[in-house]
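Remarks on the structure that follows.
Should a chain be cited, it is by its letter among A, B, C and D, assigned in written order, with residues numbered from 1 in that chain.
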Amino acid sequence: MPVHFGYTISKPRAIDIDHNNLRKSDEILREMPELQTCIGCGACTAVCTAGNLTQFNFRKVHTLVRRGEYQGAYEEMNKCMLCGKCRLVCPRGINTRGVVMLIKRKLGDF
Amino acid sequence: MSFYAPFCLPFIIGAVVMFATILWKWGSWLYRLPHADKMRILRGLPTTRTLSAAWEVVRESLLHRRIFRVNPLLGYMHMSLAFGWFLLIAVGWIETVAYLGFRFVPLQGHVFFKYFATGLEHKPVFDFLMDLLLLFVLSGVALAWGKRLYSRAMGMRRTTKHVLGDRIALSALWFIFPARLVAESLTCALYGGGGFLTGSIGAWMAGHIDAGVLIYLESAAWWIYSSCLGLFFVALPFSRYMHIFTEIPLIFLRHYGLRSSEKESAYDHFQIEACSRCGICIDPCQLQSVLQINDVQSVYFLRDRRYHSLRLQTADNCLMCGRCAERCPVGIDLNTLRLNSRDTMRNVPDEKRYDYLQGVDRSSGTGKVGYFAGCMTLLTPRILLAMERIFKASGEEVWWADKEGGVCCGRPLMLSGETDSALKMIQYNTELFRKHGITTLVTSCPICLRVFREEYRLDGIEVLHHSEYLLRLMRSGRLNVTHGAERFTYHDPCELGRGSGIYDEPRAVIEAIGELLEPAETREHALCCGSSVANTAISDGQQLQLARSVAAELDATGASTIVTACPLCKKAIARGTQTEVRDLAEIVAEHLQ
Amino acid sequence: MTAMKRRSWSDYQKQIADDKYYYARSCIRQNFFPGSEKAFLDILHNDLGRDVLDDPLHSSCTGIGYHSDIVPLETIMTVVARQFALMTEAGYENFISSCITSFGVYTEVLATWNEFPETEERTREYLYKATGREFRKPTSLAHTSDIMFHFRDEIARKAKYRLVNAQTGEPLRVVEHIGCHYAKIFPKSGIGGSEFPYVLAGMIESWGGECVDYPERRHCCGFGFRNYLVQANRGYSIANSHKKLESMAPYKPDFIVANCPGCTMFLDKWQYAIAEMEGTTYGENGHGIPVLTYEEMAGLVLGYDPWELGMQMHQVDVEPLLDKMGISYDPAAKYLGRNGKYIDKPASAVVNCCPTDTVYDIRQ
Amino acid sequence: MKRVIIIGGGVAGMQTALRLAEEGVEPLIVEKEAELGGKLRGWHRLFPSFTPASEVLGELRSRVARRGIEVMTSTEVKAVEAGAVTLVDGRRIEGDAVTICSGFDLFDARIKEEYGYGIYDNVFTSVDIERMLNEGRVARADGSRPRRIAFLHCVGSRDEKVCQRHCSRVCCVTGVKQAMEMKELFPEADVFNFYMDIRMFGPGYEEMYREAQQRYNIHFVRGRISEAAPTIDGRVQIKAEDTLTGRPLRMSVDMLVLLVGMRAGETNPAYEAAGLGRLESGFMAPRDSFLGNVRSRTEGIFYAGTVTAPKNIGETINEGCAAADAVLEYLKKS
């Protein structure tokens, strides 16, 4: 029986690439290689309707997904209304709506 | 007189398989129709709709009027095969009656009448008629062969790439009528008779071929003819030739008011199997003509869906511009079928989704007229400013629904297939409009307009595109514009033109300001800007390629300004040209008196 | 490759006095490892013949309060000044501190006075007003592990045991852990710099052991003052030790040695807590990895009795290590006090672990 | 015939000498190494075109040879003055003008001890990679193929901790270039580039960066590695923050490549002693940044190449010509 001392061992916050399973991330990048060209400018998040109403941050979520951090990504992406403004402002020409749908399709079971 | 010979067997088997399969298919589709659709059929049956449907069947299934519009030669080819064959059957039946009176003759008796009627006295009128009809059909077959070699002659740059089953059925079809010609000619050679075609060839054969050989050849020819028919009939329900029979009930059901919707239904089968894979939809597709994407067009989409091999990639890769549906000779509702495929593949209802929308209201102003800019207009603030000036000039009190940012109209979600989630936005915006008590809703975004008109329940609120609204203001004298010598060209946004049927209003507005020059492809045939929110498969570079090709056509008019009436089209086309691209509202605001 | 280590180590050398030390004790070590400070004094007096003044007048440096944001800078400077005044009055000028945090505090205060002389003036004024004392700054400041490092070769010459597996002759694999306040604040103040301090590694190498270079070698033990002192934050504290233990475990170290009071305690006691909370145990047969102070390590090498060194106060039993080194000890005497009475024992770190038959327990 | 002493026989020195020789002036190249070429000798292929460095170097060398330019190799300069230099062996060489083309030094990665260069077997510098590429065999210390490679940008650049505040400019694109080369050699390997900023200043650089991302699938992580440590299986564990997600990130890699920056040449203090200005970064200060960017404060002493600031090869070649023109103008006046 585990003993409770009034606290628990904090889980590490670090993204552990060795530990993360990058298979889904690889699949996503294979289908949408342009996602790698994101330079993190944040224009997508700045223009985002959902991002202005919630904590939703498209840039951050897809970056985490690329690092193999899938937990909660589906739910986050579900906040997107697919209006497509982000695609219009992306300086790298990333098919952002496609990314949202791809990530949701790949990570539906996370 | 017995109407049986061993060679009839392939034909009989084929016919039985074909009719059984068709009846089973139709039966199960009709049985699985939603109750409301069944009621529509029952209510429609005893009305004049049945008659008008029958007339359309004659026009389209037999005469192929719509294909004639695409290209007369192509129309003739289809007509000669369909109408010609139909007449062969019909006149053949009359011929049997003429020879034998009204008595039961089995099917093969009608079809192979020449073989069985050798002992009867000849009726040259029928010999002539039947030969004429056979020639009519054969001319179609010859054209079909020719089309394989050179499709451009029939106005088609590209033709469908067929699957193996279709090729087998097609080959069988090609050989049916030549085989019939040979078989009937050989019978004539042995037993005399026949018209100008079969009779002449028969006489020639009798003169050149030994009688013993002729008997042998005759038997073989009838076997081949029957086998071709049998093979074609067996293949028919499983190949594209199912359209021959499916188009007929489709026309009736359509006349009774049945439609496809964003959810798949049994009615969709009638639409899907009515596709003849003629490939007319391929040429208008800009993904094909500009981007050389060759496997996603409606013909392939319907084929894959019919054979349950549809991939999301195919379903997604469509601009939904509607250019193919505009040309489809069968009138299949291609966009809706694609939408409900996306719905099936992607829609995941989630009650909690978009809960964060509760209580959001960033609207401002008061007025009975509400203006919904839409997401895209917020990225084209010139349109917003122009609308502001127009409202001010006309003295309209406006309620700004989303000037400070609002919730998406839901159309992009619907287009991606997330139909149930889109309802959340629809519900949210509907409540917002109701809360502020507007009686007119104006939007400058055709994407929003379409969903407002088709999916929102806004009884008591008139929904207008700003082109309609502007024209109304101008006609009522509340807005006066100066007319000058400036030359404009107009790009029809897909959602506004083919989508909502609004072609004339923006043109009227432009003509009040300056000269309007039409591009090569315009109105129903207008090109898509390429940035359609319906397509999530093509890349940014491909969007740009499309934009450039559209802009080139618009630039070719020599106009100094390209006008459009959609913020997304405006942004897209502007990427492809140096010419100024402006929204209708901008030029109106600029020319205010 | 080790050549490079030497190079960086040679870049960070500091002057260490040879004799005549003024000794400042640690607040908490006397509770956790009461034998260690005594062992240090004994080794210096008896084995090395050095002069160390263990002054009963000196106080806490208040570092714990300082690092918990309770004691202000002016106060701690004045307290430090008082320690220096006592040293001056006793006629010493080589200040050595037993605690890493104290050592960090003294270093920091001296550096502050150096950078901002006005703060030194003010401190002198405060000290004089409060106690009437005056002070001279020490000519050398060292941590007691520096002193042990300084005499490592002398100790090696007198060694009775070596850090070697007596049965196989293989060097023992030792994890060395340096307290953060030793050199991470002022790299120049540590022997060998802040990245790879040489202070403990030098002793281990001199006495026959082998250092384990594991990924989280430089990571903090997790004490972090506020993080441990507030119960709600303790999960963060233990997570750090947990991370280190996880990282070193594959190297199968024979023991851990640390030069900081907090680190030694936490690396030892958290092993028990982790076993209780998660059921994870480390070391051979899951019996834990013994954690030693460097004085205990030196004491064992010099042949001191493990119970005299206070090693029975460890959560993780040290007997496997003693057996490995071939040190003879009296198992029955482990929990007997100086008066021969049973002094009770800490809970065994060997919990949630299978082969209990090998657990060292004198009551069985 | 006028004589110009050129200190340093790298790209800048050779180009300056060539241009001067074309105009009928007699250049003398004083090179401390045994052969001409400078740092370019150690490079494999040049960004962004992947041109072999030997092509550029070979061409420059053969032109110098064809022109019959006088070269003193294995000769080190101790002091410089207008119109003369003093060598380490005490000899004094006189001329009509001096051009300093002594270039830069590579940052010694061992100073950034926390990255473990020289401590752990599988930590390399960008120079090591170029050398291995030249040798035709890139591998881990034990000879095996790497499956995961990390590049760390800005080692010895933009780092106050090692008194290198300046940006070395070329390391960013070098990192991208080498990452692509690694991916070509080891297609199955994952390549991560850890950067603070990506500075793609030259023509074709940004395009190359984009290609590295999209076509080569190289992962770019914005965050500086804080430390490297060995793992039990001989790999290197690195820690960084993925600043774009605001989360710490750790992983073990088979090879860690440090993109070492340019530091001011170690002979620069000697020039300063001769009264020439030096920048805070240690590079020599030209008279001004625009019209006098190849002139020193002293009449008759000129600069070309990376002695004044980090530059790429193309810029250095241009500066060789510019310096030669300035020298010619000076010689005409004097």
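One rule holds in what follows: a contact is a pair of C-beta atoms (placed from the backbone, for glycine too) under 8 Å apart; a residue touches a chain by one contact, two chains touch by 3 or more.
Since the model is a prediction, treat every value here as computed from it, not as a measurement.
Taking A-D and A-B together, the chain pair joined by more C-beta contacts is A-B. When chain centres are set by their Cα atoms, the one at the greatest distance from subunit A is C. Between subunit B and subunit C, the centres computed from C-alpha atoms are 83 Å apart. Each chain gets a centre from the mean of its Cα atoms; for subunit A and subunit B, those two points are 39 Å apart.
As a whole-number value, the distance joining the C-alpha centres of subunit B and subunit D reads 64 Å.
Contact with two or more other chains is made by residues 34 of subunit A. A complete list of chain pairs in contact reads A-B, A-C, A-D, C-D. The part of subunit D that touches subunit A in the complex is made up of residues 190, 198, 210, 213-215, 217-220, 222, 239, 242, 244-252.
By the touch rule above, subunit A contacts subunit D in their complex via residues 13-18, 22, 29, 33-34, 36-37, 39-40, 59-60, 63-64, 66-67, 69, 92. Contact residues of subunit B toward subunit A in the complex are 312, 316, 346, 348, 350, 353-354, 356-357, 360, 375-376, 378-379, 405-408, 410, 412-413, 416, 418, 425, 533, 536-541, 568, 571.
By the touch rule above, subunit C contacts subunit D in their complex via residues 1, 4-5, 7-8, 193, 195-196, 213-218, 250-251. Taken in their complex, subunit A has these residues touching subunit B: 34, 47, 49-50, 52-54, 78-79, 81-85, 87-90, 93-95, 97-98, 101, 105, 108.
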